[in-house]
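To start, the structure itself, in structure tokens.
Going by the order they are written in, the chains are A, B, C and D; count residues from 1 in each one.
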Amino acid sequence: MKHNSILIAAAAAAAAVLVSGAAHADDLLKDRTIGYVLINKAFATWQSADGKTECPQGFNHGPREQFKELFEGVTNKYAETQLQYEAEIHFPGTGPEPRVFFREAQGKTALGLNLDGKVGPNDFTGPDGEKGIDNQMYRVVGCTENYRGPDGSARHFIESYMQKFNYNRWLFELTNVDSLADDDDVTVTIYRGLDGLTTDAAGNFTSGGTQRVDLNRGKEFIYSMPGKIKDGVLTTAPADITFPESQQRGFPYQSVHAWQARLKLSPEGASGLMAGYLDVERWYHNLPQQWSTHHRSYGAEPLPSQYRAMVRLADGYPDASGKNTAISTAWEVRFAQALIMHPDAPQTIAGKPAKTDIAR
Amino acid sequence: MAVFAKAGIVKAGPAVCLVAALALVSCSAPIGKDQGAAPKVASTPEPANDGSEKRLRVLSEAQYLNTLAHVFGPDVKTEPHFPPAQRYDGLLALGTARAGVSGAQLELYQKAAVTVAGLITNRERRGYLMTCKPASEKAADRACAQQFLAYTGRLLSRKPLPQAELAAFVETASASADKLQDFYAGLAIALEAMLVSPKVIFVAERSESDPQHPGQQRLDAYSLATRLSLFLWNAGPDDAVLKAAESGEILTPKGRARVVNMMLASPRLETGMRAFFDDMFAFDDFSTLAKDPKIYPSFTGVTAQDAREETLRTVIDHLITKNGDYRDLFTTRDTFISPSLAAQYRLPAPPTWTPYEFPEGAPRAGILTQISFLSVHSHPGRSSPTLRGKALREILLCQPVPPPPPNVDFSAVENPNSPIKTARERINIHQKNPACAGCHKIMDPMGLALENFDAIGRYRDTEKGAPIDASGSLDGKAFKDVVGLGQVLHDHPALTSCLVKRAYSYGTGGSAKADDKDKLDYINARFAEQGYKLPDLLRTITLSNAFSRINETPAPAATAASAN
Amino acid sequence: MKHLRGLIGLVAVAALMGGVAQAQRIAKEPVEDYIHEPMPPGFQVIIAELEGPVFADAKGKTLYTWPLNAVRNGDLGERKNTPTCDDTHQRVSSGLQSPYPPGLELPDVENRPSCIQYWPPVYASADSKAVGNFTVVDRKDGRKQWAYEGYALYSSALDELPGDVRGGTKWWRTGGDGRETGVLRIPAGPPPAIPPQFAINQISAGRLLTTAANDRSVYVFDKDTATKSNCDAACLREWAPVLAPEGVKPQGEWAIIESSPGIKQWTFRKKPIYTHILDSIPHSRQGSDVPGWHNVFTQKAPPAPKGWTVHGNREGDVLADPEGRTVYIYRCNDDAVDQLACDHPTQPQVYRLAVCGKNDPALCNKMFPYVIAANDAKSDTRIWSVMDINPTTGKKAAPNDPGALHVWAYRDRPVYTCARDKKPGDIECDSWGELFGLRNGFKAFWVRDDFGGYHG
Amino acid sequence: MTEITRRRVLRGVLNGGAVTVGLPFLNIFLNGNGNALASGEKLPVRFGTWFWALGMSKSVFVPKQTGAKYELPEEIASLKNVQSHINLLTNMTAYRDGNFFCHYTGWVVYRTGISPSANLQAPSESIDTTVANQLGRSTRFKSLTATATGDVRSIISYENANTPNSPEFSPVNFYTRLFGPDFQDPNAPTFTPNPRIMMRKSALSPVMEQIKDLNKVVGAEDKQRLDQYFSGLRQLETQFDRQLTKPEPLAACHPVKAPKEEAKTGNDSVLVQQRHNMMTDLMVMALACDQTRVFNMMLANPFSNTTKAGYDKPHHTCTHEEPRDEALGYQPNASWFVRRSMESWAYFVEAFTKVKEGDGTLLDNVFIMANSDVSNARVHSLEEMPAFTAGRAGGKLKTGLHIDCKGAQASRLGFTGMKVMGLDIPSWGTKSNQTNKELGELLV
């Protein structure tokens, strides 16, 4: 087939753009559709200049420090120290931890969105004064170096593997869009993408790249929800979603209830916050699959203590016994505008009948 | 039709530009006559002619490496970094017929030979690349050395080695093997010497008298095989072509036709033609192309590399895969895009190369409007109608333009905060100054037609707010925009005759001269009759006497260049 | 071989003496051809089911080397010509696998065997002389030991029959990234008989043929014959013939054809071979999704037990039991200087219990259940087998022991499923354990990967 | 003493293989005043590289001032007595071009101008091989690579894309290879020509025969070109001749004592420095004795395992794990490791000044480029990367400068080196790392 059919369809509209020239945001709309690909992502951790406001007792101790605090002078048997700590990491309890002290982020200021529409006692106030911000995860990670900006280790590696490992490619496409300035009824569809990010001469990730949609292995990450655009800011209706997040070792995903985004749209892309109630068990279960205890000590992240804090601070989606299973969380995100391609026919490998011969 | 020969113009000066302009004007008049294909007439017979000169050429680095790859395998690689050839009469290939091999260069060949010989005789490869095993690995084995060196010598020097020379190499291999007590080390020494020998590095064409036409000289079988192979495959002849030379079949019209058709049908024709067009379009400029990252952050090294590939892929697909009309290359909306080019064209494209057709009415038509031409003939931070116009004249119409006079005052053009907005206003300054008007009149009109594309080939319809006027005229034919220019170029007689001239000189290894006019006219006529198809042009050239015959009397001692 | 105190007693020494049936698989599937190098007297080459040709001693025991490699905080393993695996019983951890300190007393330290009890050196007699790539190196204890390409040779106490390769494997990125797997022993074998343009990539599905230069998988086309390539122009846009030298001497399973005028193309086992231009990752298998095209293995891995299945998910394909539950492999390498393994039933179980159920065997059996085999279940390959396991101790049990489970095993080590997996293709327990399951933990039995993740 | 022509001596040498030239060597091989090579050729310029691991702590590494007079911040304070011999280049960029491999992409871009597309697989030959191939005189060793890591797997040079050059990692082996039995001391009377080069020379005769055959078929003008080629063969022959004749005596080359015992293996920073200094002394003497003209020295692996006594984390783990000290503004222990590396760099440069050559020192006739694998190791950043040059390259290179390269491509350092060594390459590197511009400020 000489020409790829979708290419022509998408391109015919593109020609209109070519003729008109200037890259005014609305011009990037092609048959009322525009796509974006994620290029930056990190927990939204509000930080004071010297860190003293939110972390008066300094930052948390990591595995190396906790090991000394837990076992030095107590025992030096491998099974009762290293294996015991690893067992506690993989099956953390929720009881007290006498010999170690976990520092939660203090203060009332945090970044994030008002997830429950209410202004509750435990809510935060945004740096810009917005009330009712729900972001209890900030308390959990706010004083752990791994997650603090600008170059906390886990923060850096989660982002760098998001950028370079296509398993994590994450797109959203706005359809039936009349204007990128104001439109109270657009459709937001999330996909996993298949292609790398485009870079410019200086090595920064830029807009204009192509992203094919993964209707095959990435089918489980496809979600759709309504959205509104007001004064160039997109807000999406809350929806339960999952998204891939791997540092190329394990291949886990995150699960978020009432996920929603508030993004400022610009010709080159979109930036702002996304937030929701992060499933505590899934997020914690992913940690040892993502990075080892060795890497956790890069940013002094004490996993067992962190689990206890999450369980304590979880503020949503109670289970049958009334224990909350999710914790309000916010991420700072940036997207680049991208040309999204839908393959002709959805391949259905995932649904393929089971094979028996390993070496087909 | 008056065509400039660069060497003929002694020194640049206002008068000279005027002459050039007049010549052009005169040549524009007859355009009308050739308009429209001549009625179907029996194919024009080739005029009697005594062919081209016998030449001594140096293998280019690509030809040397292609030959090694096909003889010893794609993983026998070396990066010799031979100094680049000099462009002569529009082609680097013609520079190889004048270049010598200095002592320093020979050391590069020698070092490359040591790497290659080492790879061939190492433990991993010897089992596959050598058809025989020595009696003992610790001593000479004349028979096995003879078998390998005969086989390799034939493929590397493009003809069987004379018995005496082969014996000398075998003797070297055996003496070395005994001295070093290692058969393969000895063989490597002989192979190193062979790889730097003149019969490998140089292409010395030999002629013989033509039995059917007494008194007429022609290329001997092996020289013809080599000329064909370097032209169509950009590498030495393979075993099959050499066999056709050994049997003499290649010297018979029917035999040569069979070999030529085989070579035209081979995927290796693509390698040959990519090398030809990359040379003709002067794409070696890409190796030094750099854009200002602050003004054009999206133009990266990858974009430049893909832009070069886009045009080559379009040309090969159009001319070979689809056997299309050469002139349509300047109006076609078909192209190939890669992800990085897609970002420039603001189109979606999956990884690897995808065929793509610009929609009707889009300003992109013809390879002129592809990012390669537009970006390589522009300044780092600004487009340049003059550079683009000059390139189109010289590359596509074979009309060299004299260099600018030394005392040009660029201040008016260069000062950044002048009230002038568009390139057209800037260029008009040239028209007022007689010293410049002569040449700029023949360059700028075409360049201005391309002003809708900035220095990295992205479309724009205004410059600093002012609308861009892309109209103009080429040799008396007016056009209102770049698509119009493409159409005018499509019908310009110099377009097809320029390709013929370049192809014939590239194939025969030397620039066309005054007395080649009737040969070129014949080829042009056949080219027109066959609908300007490249494979047919290649067949016409390679089967012609103009290609295979040799005019024994060497050119007059004066420099070879002469107005033609 | 000196009988070991309890730990390895179960090895049927008698079976070995008898040199029971060669482990040669029934030659239905082609096996890998190799270069027949000169070997010391008594040495032999045996075709292992997964690893292909491996060296073995006179009794058929597979030979291993332990090449030097980096762990997080230093290097372990052996340099050339300097064997270090000796009779010392290590008592403490080396601390080289960060972030834990050195000097922690190893589990079950009293019964911990010495390096050479697990890895008996292949001694050479005083008058043994070097042959081909085999040389004789001196051990610190004054004895002489055979070495291949300079690395000292050992056999494994875990191997029972000729063809067993239970000590170490070529499958995981062994010897590659020791920073995560620890420094592993790898089976030594003769070089494969393939032209230098090609390389072999050991994956779970077998010995995958790729190009040497950039690890691109090669493919064959159903429509081709031994002497003709039927890949037309459109096909050639997605498939590139692997070019061969002009006059190569066809040998063994390799030959060349002129697939189109002037183009010489390699053929392997009478099929022209190509690379897939659209492959997005090295040693990819995406090309085999195109109808009519197949990856090329010099030797395919033995099939999984009857009825087992393969399921797709967000990263690739994984092996599953007949009910579609993903199958997991447990691997463990301890942190001592001699890097002994801890993932075989005869080895300490405390490592596994720590990460599968917080040292509680019951929780372990709930979270990571064994794959129960039918009583009459039988495996027709050596690499898959059934064994009886005491689920509480994790050790081998006699068939009629009370509470013993009849379970499936891979390389003589039980395989598991994962209680958290809910549907076929789930990989909840993949990369679970120390260093994301590569050092002491569980990895799903990956059969294929489409995104280029680390599968260990 | 009878007049022994050079030709007869050579013939004697050739036929007899190892021949003891029992005659006073001086007046036969030296020119009039005995300080330049017999052929009157200028002293050769050598090309070298040096590698340290895990970048720098920017706030205490990058000087505030640029140009000639800049103060050395504390992390590079140890460079004070070589400051006048080196140039410090800061703020260079290695472009990823779509691929990134931690601690590999950075240094491979410096050494090949290409961002590798597969981890631990070089995209092409490294710059030292390119220079070695282009250098005129082929010395005994095409190039010499040494490492202070004591580990043969430490790769910093590639012969071609698939063949790394494994380094010399043990001082004792390096000594034996350099100055062991087959060392040809230029000042000693005995000399055994290398049989392989003898054979290479004799192999040229069938090649010269071929020219007669070609001369019969070419025209006058082309005969000139064949003559030029023939003189090229002659030049090649004299090249081999020179390698077969006893090398001119080199005052700077004097025998070195063999290292007493094998250097201790171990990753402690002190042991690494000891091995580095031993390897440096041997390498400098090898250059003084003209055993090679291209050399590489590698202080540590990119994932450096160098340890600090009493500190439980090796260098690489420390760069990731050590928190930044708020007061100091950098990671104190990570900076400690870089300071030790800079001490080794100072020792390396200073070693060249201790060898007299002609009327200056060896450092005057050498171009050394030094680079690392990252700039901020904590996040593997490839922007704002530091690098050094050392030596005056026979007078072509300025020294004593700090240059802020304002984000220039890292490959421009290598391109400058190749230009200074007289290579005629239009451009180097690919994609965003492709360059054809030298660092002008460095050139005299």
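In this text, a residue touches a chain if its C-beta (ideal position, glycine included) is under 8 Å from a C-beta of that chain, and two chains touch if they have at least 3 such contacts.
Because the structure is a prediction, the values reported are computed rather than measured.
Chain closest to the overall centre, judged by the mean of its C-alpha atoms against the mean of all protein C-alpha atoms: D. The chain pair with the larger count of C-beta pairs in contact, out of A-D and B-C, is B-C. Centre-to-centre, using mean CA coordinates, chain A is 47 Å away from chain D. Rounded to whole angstrom units, the spacing between the C-alpha centres of chain A and chain B is 52.
Chain D has its Cα centroid 38 Å from the Cα centroid of chain B. Residue numbers of chain D whose C-beta contacts span two or more other chains: 95, 97-98, 161-162, 312, 317, 321, 432. Residue positions 62, 64, 199, 201-202, 294, 297 of chain A are each in touch with at least two other chains.
Touching two or more other chains at once are residues 72, 98-99, 101, 212-213, 280 of chain C. Contact residues on chain C toward chain D in their complex (touch as defined above): 68, 70, 72-75, 79-80, 98-99, 101, 179, 212-215, 282. Residue ranges on chain D touching chain C, taken from their complex, read 117-118, 121, 151-153, 161-162, 267, 301, 303, 305, 307, 312-314, 317, 321.
The touching residues of chain B, when paired with chain C in their complex, are 69-76, 124-125, 127-131, 151, 155, 233, 238-240, 262-263, 265-268, 321, 351-352.
Contact residues on chain A toward chain D in their complex (touch as defined above): 50-51, 59, 62, 64, 145, 151, 153, 156, 160, 164, 196, 199, 201-203, 294-295, 297-300. Within the complex formed with chain B, the chain A residues making contact are 2-4, 6-8, 10-12, 14-15, 17-19, 21, 195, 198-202, 204, 206, 208-210, 212, 339-341.
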